[in-house]
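Here come two complexes built around chain A, the first alongside chain B, the second alongside chain C.
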Partner chain A sequence: MTAALPTEIEAAAFAVATRGVAKRYGRDFALLGVDLQVPEGAVYVLVGPNGAGKTTTLKLLLGLLKPDTGSVRVLGMDPRAHGPLVRAQVGYVPERGDWGYAYMTVGRLLQHHAVYFPAWDWEYAANLANAFELDLTRTLGKLSKGLARRVHLLLAMAHRPPLLVLDEPTDGLDPVMRDETLGMLAEHVADTGCTVLICTHIVHEVDRLADHLGVMRDGRLTAQMPRETLHRMLRRYRADVPEGWQGVPGLDGTVIRRGGVGREIQWSVWGDEREVSLRLTESGATVRDAAPLTLEDAAVALLSRKE
Partner chain B sequence: MQLAIDTADPRPIEAQIADEVRRAVVLGTLRADDTLPPVRRLAAELRVNPGAVARAYQALEAQGVVQMRWGRGPVVAPPPASSDDRGAMLRRLVDRALRDARRNGISALELADAIRAAAEDAPASPSSGPTGAGAPPR
Partner chain C sequence: MNTTTADPTASTFALPQNVGLTVPTPPPFDDAVLEGAALNPLPGWMDVLREQFASVGLALRREGMVVGICAAVFTAVVGWMRLQSSAANVPLSPAEGIAAAMMALLIPMAVWKGEDPAHRGYHHAMPVGHGEHAVARGAAGLAWTLAAVAAFFGWMGLLAGVTGGGVESVPAWQWAAPFAGATVLYLLGSALTLATPRPWRWLGGAAVGYLFLGAFRAVDAARPLTDAVDAVVSGHYGLTTVITGLVRHTEYMGHPMMADVGAWLTATILWLATSVSLFLFAAYRQPER
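== the complex of A and B ==
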């Protein structure tokens, strides 16, 4: 039994779809054949260790970088050919925000920004500024990391774009502001029905919001799937095993992680629950539990999977 | 309305929301004609995906627990003539206890004995039959 993790998502329409995207910096590959598929209306969380290629992927979507090979479609457009058009319809929170004009006040930046977005909603912008506790008279150069992040979030959300691309959106925010931001984001998604693509290291924080998960490692998207699939197929089994237990022949390929104390063994296994339980039982183990994982545990399990 | 949502719970978020609403209806903290928050508000409050709230509301509507109204939150429906909601809630509670017991290598009989023994030790709790309103918890 070989358990290939799913890498294709089924959907009627995709807000983001890349095919075989590769990108190299000098001699190093940053991306190797990435097929990212974000369905319209999804909240898609992309996780992976530093240097996995997440930020590079997002930049390709915005047309800020060009892929060496492969195709990129964002809201039906090719960002290589129509970068400005794509960027006008995407709310982007970059990993690092460089303003370029440190002397400018936050309020002035908003005015400057609003000009480029016909759908800019000043009333909503004011609400967001209020919720994010932003002082519009502050100068950009003097903003803390957390405040700068909130300005970026406001800029991304205030024109209600059909797609939000958020690179570590809560980085530098204090716990209360994080929580507040996630609430604003949930409300924003409910109001606009927009698609959200989030890269984050703090997976548990977006557990309740995410409906799709993508896992990136070494420039490859090793798995992507809707939440229901993850919930159904990836489970943590706890079982008691007899003395001298030999394991389950054929199950090795699907075992993602194993560990345990004494005679109790835990596995995170990808596969149909009934089938996995049956195989464990047949091998002499007593299955105690087969529970779905939290998004964070699932991400860790998928990332640490041995090839 | 206070809904407890836990990401470590094995049930998906929408199932947790629906279960919590059902529980509130059974306990009488939600009554017929009470309004539930609109999707966007509950999603923002719980920091959950609005789709999960919408699916929970749809499931509750399909089960006749609530009625949807355009542009507003759903309304709690009047209870059906012969409802055994308490029975259903009890069954869910028992199923969860049994699952936990099994996980810990405890048989159903052992669990039942332990519950009986614990109930005998515990001080008498205010009675709350299916018809009696019972005393509100503190």
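== the complex of A and C ==
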């Protein structure tokens, strides 16, 4: 059995595609040969620990940074050649909470933003402001982190862009507002059919939205796949093993995560369920169940995988 | 060794020796925009300029209020002195523009507050070219600066009229000098603000350095440096000439500073060319974190 995790996604068209992108700051590499593929209409969640290169990747997509090597395409356009046109198609929520003109009121910032995005929908913006419980007369610099986050989400969504790029979109939101925000995001996606690329290291918060997962570690995209593939191929096997059990020859490379107590093992294994179960059984283990992982457990397993 | 490619023809970085990584040059994409994708339009340039003018006005509001309060206090002091003595008056001359020009040097920091080069995220995320957008904001700030200089002279003229201080009789062109000086200093301040994360430190350091240099004027070894600094600040084509239109004529002992339109024009052209070049260089430079 091979342990290769998928790094290519099959799709008719990609809203975002990078090829061999590398970026470094001084002597340190932030990205190294990243081939990101976000299918058109997908909600792609890019997970990774802090410093993995997620934010750098997003900035490259918007033309805020230049890659040292490699190609980037957003809606078929190169952000370096068509930066303004690319940014006009993107609703961007940055990682920073203090982003924007802190001296403006929320209402004035919306007016400012609307000038730059002629597709701005004021009626939709008003609905979002109501839903986010935003006081338009308050000064942006005096808002809490959570309120500022809601303003940023409103700015990103109200011109109904074909691509939403959200960097830690739920950061600073309380649980109730997080739930409502994600619900509105789901409605927005269903309504507009836009593509969403979400960077986060808190996967369970976006579980209900995601249909694709990308795993980034140390500047490399180590895996990316549709959720259905993840659901089908990555499972946690619970099995009883006999005394002196030697393991499963040929399965070593496919085991993403090992766990268990005593004679019960709990392994997260990448592979066809029937084949993995067969190998386990042939080795003397008694497979009790093989359950798919939640998105967060899958992300944790893939992120903690030893190379 | 950790290697990502086996292609011996791949282009490589000059990597630190302890990294040992090779990055391949990937094949190019087919440059085809997604078929059927309806693209959102770009903003109109006039709309952007108008909005930048308005937003810079908002950015300067607090500083404008501080200056307004200072002007009100000064007016009150002049009024009180006028009540005490009819001889107390405020004359108006183009040389007063030095204060306005110095103010112009600081205005860019208020225009770009919260947006140092490394954090200019919101400004850069707009669907406008980064360089052009920085120039648009800089131009909006310049318009407000020149309006502030005009308001300053209007206010000083009002004080001169009310107190009977009178207006100094000078050639008409000399009234343009403070505006030229403010433009030059604003552009230099803008270049500094756009190019460096902490312009306050640079300006403060320059001011302290200038004062410190004064202590060494009598030292022969420091003469080349003090002469060079004096040439820039108060030389024949120095900043003082641009701001006031006055040039030091040592041959006229009784009137060392005299209006000289030729020297002013030459100095203004030189300093405008320098400051515009530095501003454009800073605006089109794309600092990255």
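Everything that follows uses one rule, which is that the second predicted complex is superposed on the first by the 303 of 307 C-alpha atoms of A that agree within 3 Å, B and C clash if a C-alpha of one lies under 4 Å from a C-alpha of the other, contacts with A are read in each partner's own complex, and residues count from 1 in each chain.
Everything that follows uses one rule, which is that a contact is a pair of C-beta atoms (placed from the backbone, for glycine too) under 8 Å apart; a residue touches a chain by one contact, two chains touch by 3 or more.
Predicted model, so just to flag it, every value in this text is computed and none were measured.
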Clash or fit (per the criteria above) of chain B with chain C on chain A: fit
First (chain B), second (chain C), both or neither touched by A:R87: second
Superposed model, chain A: greater residue contact from chain B or chain C: C
Which of chain B and chain C A:R24 touches, first, second, both or neither: second
Contacts of A:R274 with chain B and chain C, given as first, second, both or neither: neither
Touching partner for A:A119 - first (chain B), second (chain C), both, neither: second
Which of chain B and chain C A:R73 touches, first, second, both or neither: second
Which of chain B and chain C A:D211 touches, first, second, both or neither: first
Closest Cα approach, chain C to chain B, once both complexes are overlaid on chain A (Å): 20
Contact residues of chain A, present in both the chain B and the chain C interface: none
Contact footprint of chain B on chain A as seen in their complex: 41, 43, 179, 182-184, 186-187, 189-191, 204, 207-211, 227-228, 231, 238, 240, 286, 288-289, 291-292, 294-295
Residue ranges of chain B touching chain A (in the complex, touch as defined): 5, 7-8, 10, 12-13, 39-41, 43-53, 99, 102-105
Residue ranges of chain C touching chain A (in the complex, touch as defined): 4-5, 11, 13, 16, 19, 21, 23-29, 31-35, 37-44, 47-48, 50-51, 55, 58-59, 61-62, 113-114, 119, 121-122, 124-130, 286, 288-289
Complex interface listing, chain A residues touching chain C: 13, 15, 17, 19-22, 24-25, 27, 29, 32-33, 35, 40, 62, 64-66, 68-71, 73, 75-78, 83-89, 92, 94, 96, 98-104, 108, 112, 115-119, 141, 159, 161-162
